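Two complexes are shown next, each including subunit A; its partner changes from subunit B in the first to subunit C in the second.
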Partner chain A sequence: MYDYEDGKLDWLAAGLPSEGTNAQRPRAGDLARKDVPTCRLDERLGDVRDRAREAGWEACVVVNEDRVVFGLLRSKELEANPDLRIEEAMRPGPSTFRPFVSIEEMATFMIEHDLESSPVTMSDGRLVGLLRKQDAAKAALELHERKHGSHGGQP
Partner chain B sequence: MTDQDVTIACAKCGASIDQCEFCGEPACGAPICYHCMTEALGQAVAHPHPHGG
Partner chain C sequence: MPQPIDRNGVRRLVERDAQLVEVLPANEYEEDHLPGAINMPLRKLEAEARSALDRNRPTIVYCWDSA
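Right after this comes the complex of A and B.
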């Protein structure tokens, strides 16, 4: 028997396997985009913006060498003066979310708060990926339809 | 009075906060504090509010 001292929430946050009915439901970590561009504090905003847009993104996560999240650049921040350093342009210390959080809860919150993206991290702050509102909303809707049947279908 | 002086109330427990913990916006229409947010998202086990909410 192995005693995982950090507890159940940390186990789930680390993306370790789980069992039971709830284990089948999509979670923030499943849908967080792992290919989100990242940058460092000392980079120039204009360079980072070009790199992110070339990859088809309007967001970039600011991390250190261990991929611990320091900040976030959403479309608004990316529009700032290109000569700023990332440290000056970023939104520092954004709220981060654990991979095990229910996609339905995240979608509800993201729609209610009109938040385009949210960083998903391990409990030690390391980046898992960026959850986009449209991905969360789509998955939550599919889940809802699977559970209750699509609207307008046969009774 | 500056922007930093403005406080808003958590929509769930009424605690005074500077900005919504979920979206980071001081002008959020449904502001939520850190404790209520982590509990709502299942990131923390429910326990008594430290600020009495």
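Right after this comes the complex of A and C.
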């Protein structure tokens, strides 16, 4: 007999597959954008901004060599003095979410707290991707409409 | 006394045909459980384990977390 002491939370936080009713619903890890640009603490903001925008992004996640999240640059931070180092310009220690959190919960939280985007990370802090508010809200709305039926085409 | 095991240990043992048992209440099990796990809420574990589990296979029990 073995005891998996860290339990289901550890398993789900690691982004491993599960079964059950929640497994059928979209979750933060499913919709997080894996192609979000990343950068290091010692880079120059102007260089990172140019790179992010060339890739079509107004955000960048600050990570170390193991992809552990240190900070976030959203549109506001990207507009700062381009000669700043990322460590000075970034929003340190952003709120992060685990891959298994439901998309409805994410959408509600992001709308209530007016978050453009939120990093989704594993339990060890490694980046899974960046979840954008518009993607979370759209998925939550689609889920709601599937459950309850759309109401005369109103959003 | 059950032997502690981590996530990688679970994966290795499951590959070798271990039985996974979630001891949380049924409604929590239905929402999410490890692939292939059966549900045996803690209060029923003693009564059901003998009939439901194969003694010839390793058994891994788990809860929500270590708390």
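Everything that follows uses one rule, which is that the second predicted complex is superposed on the first by the 147 of 155 C-alpha atoms of A that agree within 3 Å, B and C clash if a C-alpha of one lies under 4 Å from a C-alpha of the other, contacts with A are read in each partner's own complex, and residues count from 1 in each chain.
Methods note: a contact is a pair of C-beta atoms (placed from the backbone, for glycine too) under 8 Å apart; a residue touches a chain by one contact, two chains touch by 3 or more.
Here the structure is a predicted model, which means the values were calculated and not measured.
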item	value
First, second, both or neither for A:100, with subunit B first and subunit C second	both
In the superposition, subunit B vs subunit C on subunit A residues touched	C
Contacts of A:114 with subunit B and subunit C, given as first, second, both or neither	first
Partner chain(s) touched by A:66 [first = subunit B, second = subunit C, both, neither]	neither
First (subunit B), second (subunit C), both or neither touched by A:54	neither
Partner chain in contact with A:91 - subunit B first, subunit C second, else both or neither	first
Set of subunit A residues, in rising order, touched by both subunit B and subunit C	9, 100
Residue ranges of subunit C in contact with subunit A within the complex	2-7, 9-10, 13, 18, 22, 24, 29-37, 58-66
Complex interface listing, subunit A residues touching subunit B	9, 91, 94-95, 97-98, 100-102, 105-106, 109, 112-115
Touching residues on subunit B, where the partner in the complex is subunit A	20-25, 28, 30, 37, 40-45
Interfacial residue positions of subunit A with respect to subunit C in the complex	1-12, 14, 16-23, 100
